[in-house]
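Should a chain be cited, it is by its letter among A, B, C and D, assigned in written order, with residues numbered from 1 in that chain.
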């Protein structure tokens, strides 16, 4: 069992390889490195978001407001860019991170200080943040024409053969990997998910850690906001509507346990890739787009069934221990 | 004769869409001309029938005089609009129509067949040798888009025999989904010469995808686009030309017609001719529908000018 | 010698201070409802009209019917995010039946049976395979609606029989629509089941500690399965109503209803963690949400701005008792 | 695995330091703590001395665990002062207590199932690399070292905690305490889940801690343990401190009097067993992984003891008989009729009830009032065609809880606010209320104070006198010897022996349980 858990990422990788193989039989070019690079780039935003959601889910919480945060922050930076095209992009990214941080911190404070379950808090802020987007924009869209060329092209610039967007994703993945495996806060996040009571006893400030986790997911939402808007070159109130569930689905497929404490950076990334490949492949292999929803739904159910299999406790096996002794 | 203003609600598919904001400009213009009209510009934020019904319910409660609606669903709005008519409210539809029994008249932005032909022609004009084209539509349930695509398919064999329509995909008027679908088209059809997007959201997404993929000059993006949103892609060459009717005129006419029916008690019946201020006159066909001007084409020569207007 | 231990008398219940009744959740909701009602009637001259008020109920009755069953499900510690997708699938199946010439009774039966079937499917996955319901229903949410899309594609079904229109558009008496009457009756039944029967008691117990319940001879899986079926059933009924009200079916019908139904349940004071809540609270919450959206609608406030109010209301109403208690104890951290 | 090795060095060291060391390491004075409606602690004091073990004694609900939580920074006292090495401090968080070298093994095991052993030991104070990141390699090495010094080297530092047995988990908890170089070690009923062998190991460890000069607080309801290991005692009653001193100066009776406020002589009830025909017979009962070929008979009016080391599989067998876990083979006959319960509901209906040992997880429904807990398995009797009848529920709850001398302010109180022992009484009341034929009690007096223990034992005697049959699973020898008519001994998932309890001695039982030939 230890093995299955240890190699969950490898299983997922194998599933992805099989998926790519299957797609290639119908569309030979799919497995080309160039195409795969593009699929990776197309999935970058989802991967980043899934990582942000992962840290929240690991603490037995959930952030339903990520997509709304993305929408709000994206609108804010798009409007800033439209009004002041001279603001350099790195500054805009910092602003996006900060705006996202504020929204995440609001979630975090409510969870931490008032002890309201995160699903309730973020169900509320899900609608509030999207509504706030309408309020700040007056309902108007910001379209490609209003955005500066830098704003649009920053993430598209190629650097060592990969677009900047892909590099940002790789950077975020590396950052999360280090934080989750090598730092006190990363381990505390796991500990809280595994056993909150024990965490209190171990001297971890559970409330504050949850606050931090929501700040992280908020910043990720903000970053994704800029990336999303500059990628799809339109900022509107409807941006990424309902996308929160895709993010959670990526986490679930990646083996992150909704009950907290179990999951890895690799899993979240692969889960996002899996969904990314499906949405990338369906149009090219001529499966009617109407099938897409049912297919990803089935994939989620399948993934959770398989993960549960791997997680299932095998009893204490008194007899076998007795024989071994 | 009216002590207070005539309240006419301009109900749109969704708020924030530049096309409808432009239509509202026209509506306000009409209101000013008519003098006694108060326009209530409203609609849901999410383009669904249910949300539109809630909006219409509150308009009924406010006892507005007329409702002019661009419908998210031709059939689902019928019951609530019938209720409105029963309570003495004038109901017309414009842009995206409601089934006949749910409104007194429908104002088409243009002739459906003409739009279908135009979107193909926009692609064909720049493909003298012919070639593969694909359509990127809005949501699969959008009535008007579906009608145009039908019409386009009908004219293809006789009028544009060299153009081959290889696929029709749906971007749901969602920029992310439209982008994915446009990308998929480029991948699956390496010989694709043009993407036709009869939707203002999809056409921008497709043009951006073509720009990103460095296919400017190889794949032409065309369809229905709002000049102010699309200027960039005419400028950079991702698109040679697009078309659209004038949303300002559309909103203007909708208010005029609603006002005529509500106040002047004009009767909407087949064959009737109604005048709509500066736009002229329309004649109702046997489904009580009227069509406005043919779509107007934008290209390098005139986009600058129109992008300042709508 | 062992002194005989005197059995101490334990009273049934301690007299509760009046303040605890005044500060109960339902009381808070009543106050809020009255407040909103008053504000609305001042803000718009059109509000206090029986027909307006009747129209207002159409904004929430379908979701509220789902919320009744959802309340029980959430109290038992589970959740169903697929309800809106069930509505869509059931509506699609009714559409197919209409195409085949089915009459009203058959249509209603199909809507209900499909809803029940979808609920049972969720229930089986959750109870048989022991999967977390939030994840299962995120999956079935895509699956059910996905099937509706596969069947319908870009089509719509219409041509429902005249008599079918009664469910979503008809009135039972004066301004009392069929939808509203059905909701009130259903609320009464759910109230009785949850608060007055042993089944309801077990639902609460399961939400608090499913393992101890299993050891105590409560058939936990069976009850959870029934609750999923009930939620499916109510979604099926809601599907009949909404299909009848719209007179047509599209695969994108009822989008986003799941979150609104859950918001109603949570606003009604049901603990999202399970184990606590009341039907009265849910009913009040449904009316409050209806009043807010309708009141703002009369002022032509866009729906998305209304949703800010709902979101704020949700957080404030839940935070209020906590803040109040902390302030009183002076222990605001 | 060699866990039974003796460790001469430690045991040969002189026990305990000077009789009255100069300064206490930790002093609590005037501590009070109330929860809504409950005064848990009122003006209590306690001192812990380096190199000494202080036993904290008190009935269930006396406030012992509450005090532990105050000492570890989890709860804040309403009033009172804490000083460490003579210096007043506040312990505003668990982290702060940690910083002062205070560490606790809590009443409930509180560790991280899904993390590795090494991480469980070092979570929160892991060694760092020079970049400030966690140094996993050093952490593993240090973990192995700590485990070595505790003579627990057989525990793999890389193993997931959930793959360890309960005793090893306890050792990990202790290792965690050792790893921070704690100066004050608190153990809240650490022996409740341990077998005799493991208790011995734990005692060696406590001796080791003493020799290292740590101050130890030891909480237990078992007097033999207290007298063996502790130097000093402090007694609480109803949240107040009623006595303290050196154990060698105080007799058990004296302490019990302080604790209960009256005399209690725990003599097992004298019974005249009237054993009848077999009621329950089990044969060939097997489970794929947990137990094999279990067969025994339970007769009317009999108390059948089940003895074994912790982890022998007794609980699993009982859960199988009551339909909670599935078996692969075997038959169960009740009153001559074969039954095959598929759930606890089936077995309760048939007349077999199982009172589980894990009170918090399997027994009480926290968040619900006492009376609803008691009536939960009997709802079909207290309701009429599914409709609840509250008056009957209250009557049922009252009759059983009062007989067990439950301490509660009202029957509508949330069970979660009761002390551990009182919760256990609710649990027992709950299953008795179903009026069963056969009642299986799994560790019925685990965590129960001496007065209530007598009540439970008396009650068991009463039950069998009325013609019920009782299976009592227990790891406590005196209880097994004092109460059972016959004793089944289990070892490693199989029945090792069945003894008649006439002239049965502890030694024989322990030997069969451990598999050591006489």
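Quick notes
Here is the rule we use: contacts are C-beta pairs under 8 Å (C-beta built on N, C-alpha and C of every residue); 3 or more make two chains touch, one makes a residue touch a chain.
Nothing here was measured: the structure is a model prediction, and the numbers come from that model.
For the pairs C-D and B-C, the larger set of C-beta contacts lies at C-D. Across the assembly, the mean Cα position most removed from that of subunit A is the one of D. For the pair subunit C and subunit D, the distance between C-alpha centroids works out to 43 Å.
With centres set at the average Cα position, the gap from subunit A to subunit B is 36 Å.
Chain geometry summary: the mean Cα position of subunit A and that of subunit C are 29 Å apart. Annotation for subunit B: residues 15, 45-46, 140, 170 touch two or more other chains. Shown for subunit A are the residues that touch two or more other chains, namely 134, 139, 237, 290.
The residues of subunit D never reach two or more other chains; the list is empty. Subunit C makes touch with subunit A in their complex at residues 81, 125, 129-132, 134-136, 138-147, 149-150, 152-153, 251, 256, 259, 262-263, 266, 271-273, 302, 304-308, 310-312, 314-315, 318-319, 322-323, 333.
Of all the residues in subunit D, the ones that touch subunit A in their complex are 72-74, 93-95, 97-98, 104, 106, 108, 110-115, 119, 123-124, 126, 132-134, 136, 160, 162-163, 165, 287, 289-292, 311-313, 316, 492-494. Against subunit C, the residues of subunit D that register as touching in their complex are 262-265, 267, 324, 343-345, 347-349, 354, 356, 361-368, 371-372, 376-377, 379-380, 382-383, 386-388, 394, 398, 401-403, 405-413, 430-431, 434, 451, 454-455.
In the complex of the two chains, the subunit A residues touching subunit D come out as 2, 178, 181-184, 187-188, 190-191, 194-195, 197-205, 261-262, 313-322, 325. The touching residues of subunit A, when paired with subunit C in their complex, are 110, 113-117, 119-121, 123-128, 130-132, 134-135, 139, 237, 242, 245, 248-249, 252, 258-259, 288, 290-301, 304-305, 308, 312.
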